[in-house]
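Submitted below is the structure of interest, expressed as structure tokens.
Should a chain be cited, it is by its letter among A, B, C, D, E, F, G, H, I and J, assigned in written order, with residues numbered from 1 in that chain.
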Amino acid sequence: MLFHVFMDVRIPHDADPEKLKQLQAEEHERAKELQLQGKWLHLWRVAGKYANISIFDAESSAGFHAILSSLPLYPYMEIEVTALCRHPGSLESRA
Amino acid sequence: MLFHVFMDVRIPHDADPEKLKQLQAEEHERAKELQLQGKWLHLWRVAGKYANISIFDAESSAGFHAILSSLPLYPYMEIEVTALCRHPGSLESRA
Amino acid sequence: MLFHVFMDVRIPHDADPEKLKQLQAEEHERAKELQLQGKWLHLWRVAGKYANISIFDAESSAGFHAILSSLPLYPYMEIEVTALCRHPGSLESRA
Amino acid sequence: MLFHVFMDVRIPHDADPEKLKQLQAEEHERAKELQLQGKWLHLWRVAGKYANISIFDAESSAGFHAILSSLPLYPYMEIEVTALCRHPGSLESRA
Amino acid sequence: MLFHVFMDVRIPHDADPEKLKQLQAEEHERAKELQLQGKWLHLWRVAGKYANISIFDAESSAGFHAILSSLPLYPYMEIEVTALCRHPGSLESRA
Amino acid sequence: MLFHVFMDVRIPHDADPEKLKQLQAEEHERAKELQLQGKWLHLWRVAGKYANISIFDAESSAGFHAILSSLPLYPYMEIEVTALCRHPGSLESRA
Amino acid sequence: MLFHVFMDVRIPHDADPEKLKQLQAEEHERAKELQLQGKWLHLWRVAGKYANISIFDAESSAGFHAILSSLPLYPYMEIEVTALCRHPGSLESRA
Amino acid sequence: MLFHVFMDVRIPHDADPEKLKQLQAEEHERAKELQLQGKWLHLWRVAGKYANISIFDAESSAGFHAILSSLPLYPYMEIEVTALCRHPGSLESRA
Amino acid sequence: MLFHVFMDVRIPHDADPEKLKQLQAEEHERAKELQLQGKWLHLWRVAGKYANISIFDAESSAGFHAILSSLPLYPYMEIEVTALCRHPGSLESRA
Amino acid sequence: MLFHVFMDVRIPHDADPEKLKQLQAEEHERAKELQLQGKWLHLWRVAGKYANISIFDAESSAGFHAILSSLPLYPYMEIEVTALCRHPGSLESRA
């Protein structure tokens, strides 16, 4: 089942630059891992913003929540979730 | 270049059912055509709404506009556009 | 899997009263049916409004969409969907 | 009488992790207690967010306020309340 | 129990003036009746708008809904409801 | 003349608890005083929130502003003001 | 006492042009009258919109409502009201 | 002096196609005229919408209003205006 | 040319009271100066808020910006600007 | 390809004035550079605000993002992006 997520990253201005750099590296690793596992299907940057739009594939909303909340930058994100389903006009098999 | 589009279809309550059915059939055909041409990359239904989230691939915003405004149901859609670009953490080649 | 839905019914002022009454009767029947099937878990009226808040149980977002769009009053509803999952602090077994 | 509540937990980034952990444990206990007393009827997590949707049963809005403001994380929550009543189409006896 | 209601009356521009005048007269009568019964505690006009702010007293949200939906102009109102409770600093006995 | 006020109290998380407690006690006293003077007609708590809805009676908007800005917690409030006037359908004499 | 009003005129597209023209002429006359009486202190057009920003002087909100609702185009206006009072830094005597 | 305008064209669904076509042709002519006169500096289409973003040059807001309200499609536009001024970092001479 | 400005003053809670008092005194002086120069035509307090609504007269938007950004409290203000022009129904000569 | 950007600069009140002054100088330099390269086509100040409206020319949204995120004040900006395309009624050759 697919979930559409808009993630707006809001780093506080007084964040420790070293800690932030480390979190971003960990986020990068975790994103790679989840993509290789087929759980993070698409990851696009929103042009001009520190934000991304992503599509996740999970068996349930519980599984989806576990994935999202495992992201190192999760506590700094404003998140909007939209549940998707297959569109009758889509030629893609999965959804 | 990728464009993220949220399309909310708003059919007026007094629309002619026959004309509507025809427009929907034409929309279906056009969507198929654009997907086969590789211009409409993804098409997902928003669960619980007469709405979809789509990803288009176009050479420019002018090309993108031409695609979108060619949709038979275009006059009945509330549309939000977000320009996307490749995310450094994405493993997908295209974007 | 659970879906939380806010349904705001917006009947056009020039709707045919007879047709409306029939749609409402059909909506009532369909709601009963879906509750008996265990798909529409909760149905509450929002006090002071022609609106309800409901919890649906479906295997997937596709199944959920099929349920919701089968409602006779669906074309007249403004709908907001929120995907739910089990809360670690909940004592309820299902979710 | 039933109250529908959306609780969005907003922990300040500079909160003391130890104090936060303790508050969360106390919140967990209090939630359990209120559920066992039949006052907190449903508690669902909003998928992808540090937020929940809950249904409370109270004799009055004063009783409801007393319950909600007794939650240890109450000072950190953005809260939206909707008063519910029995829906004529619902098969549930209580509401 | 008290309910705070903001009622914004939205008469369609093509409404029949005669029917509207009759509805307004009936609304006036119903408002008088509910005030005499002690159910409609306060009724104030919002200065400069075709809108009012009211306080209702009802035993439950179901009773409140029955009152509100009995108003002849109910189908033409945009309504916002806020459940109230006694404020510890208030000197009024009721609430 | 009547003013309708929604006051949402927003205490900063790092406020000094002692100073806050004192301000709240002073607020309580001031509210009592203004009610006894017939200037603060109604004071209701919004169920589930650190907020209240109030009705003030003042000779002018200048007098109203003087009252409101004299509240000890005034600097911490988000405030919305609505000027009210007598509703032709109201049975209350004052307004 | 002064009231600040934003008036956004929303003429339905199917309005009768003759009736509209007459209403606009009557509105013009009424505006002139109210200005000469010193009740409509300022009347400015919002650049680029069919809207105005105005300042009214009335003894009370009831008097203000009577003025505003006497405008021939009143039924077609979206209206926002803000109660004003004298600013301690203003050099104008009235307010 | 420069004015930034966002124009969202909202054609009613029941508009007469012939009349609309004529208005669009007239709009086209008027836009050309105003550009040649140096009053309509820039005119861009918003990708994916029946909307444009434009920059007008006018001696005053009155002159700007006269220009905008002379557009044949003006009655069908939702308009947002932003007054611009020269940015100290801009290399353009005019503004 | 006239500009309508809504200024909402947002003093951070941890501001130095001495520095704030000085800024407010300077703001008072600057407001007096600009009024005497005929640039700040009207200054009204919004009843019940730390906010004002003002009308400025400036030769251009650049001149207006220079005036507004010269205010000592400018960095603490949320500001909304509306360009005004003479209304054909206004009896005032200037605008 | 053209991108329309609204940049609202939000400097935290506790920012170091020296560091801020340096960032602003660097921003000025970078803006000059990008204008000379033909990438930052237009830069206008929003009258009355610490904000600007700009038009960027980039080969793709990726190139646009690289430009925008290279701005020294980028971390302090609230940004809204709108993809533009040539308007059929525009007399400008580029877009």
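To be clear about the criterion, a contact is a pair of C-beta atoms (placed from the backbone, for glycine too) under 8 Å apart; a residue touches a chain by one contact, two chains touch by 3 or more.
The structure presented is a predicted model; accordingly, all values stated were derived computationally and were not measured.
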Task: Chains contacting each of subunit E and subunit F, listed by label - done: D, G
- [ ] Count the residue numbers both subunit I and subunit J use at their shared interface, divide by all numbers used there, and answer same if that is over half, different if under half.
- [x] different
Open item on the list: D-E versus H-J: which interface comes out with more C-beta contact pairs?
Closed with: H-J
Open item on the list: Please compute the angle of the rotation superposing subunit D on subunit J (C-alpha atoms), rounded to a multiple of 5 degrees.
Closed with: 145
Open item on the list: Can you tell me which pair among A-C, I-J or E-F shares over half of its residue-numbered contact pairs with H-I?
Closed with: A-C
TODO: Taking CA centroids for every chain, report which one is farthest away from subunit B.
DONE: F
Open item on the list: Roughly how far is subunit B from subunit D, centre to centre by C-alpha average, rounded to an integer in Å?
Closed with: 39
Open item on the list: Using Cα averages as centroids, what's the distance between subunit C and subunit J in whole Å?
Closed with: 45
Open item on the list: On a C-alpha centroid basis, what's the spacing between subunit F and subunit G, in Å?
Closed with: 29
TODO: Provide the list of subunit C residues touching at least two other chains, using ranges where the numbers run on.
DONE: 2-3, 45-48, 61-62, 64-65, 81-86, 95
Open item on the list: Under the stated touch criterion, can you name all the chain pairs that qualify?
Closed with: A-B, A-C, A-D, A-J, B-C, B-H, B-J, C-D, C-E, D-E, D-F, E-F, E-G, F-G, F-I, G-H, G-I, H-I, H-J, I-J
- [ ] Mind listing the subunit E positions that touch subunit G in their complex?
- [x] 11, 13-14, 45-49
Open item on the list: Under the stated contact criterion, what part of subunit A meets subunit C in this complex?
Closed with: 1-3, 60-62, 64-65, 81-86, 95
Task: Residue ranges of subunit B touching subunit H (in the complex, touch as defined) - done: 3, 5, 12, 15, 61-62, 64-65, 68-69, 75-76, 79, 81
Task: subunit H partner contacts - residues on subunit J that touch it in the complex - done: 2, 4, 27-28, 31-32, 35-36, 42-48, 52-53, 55, 82-92, 95
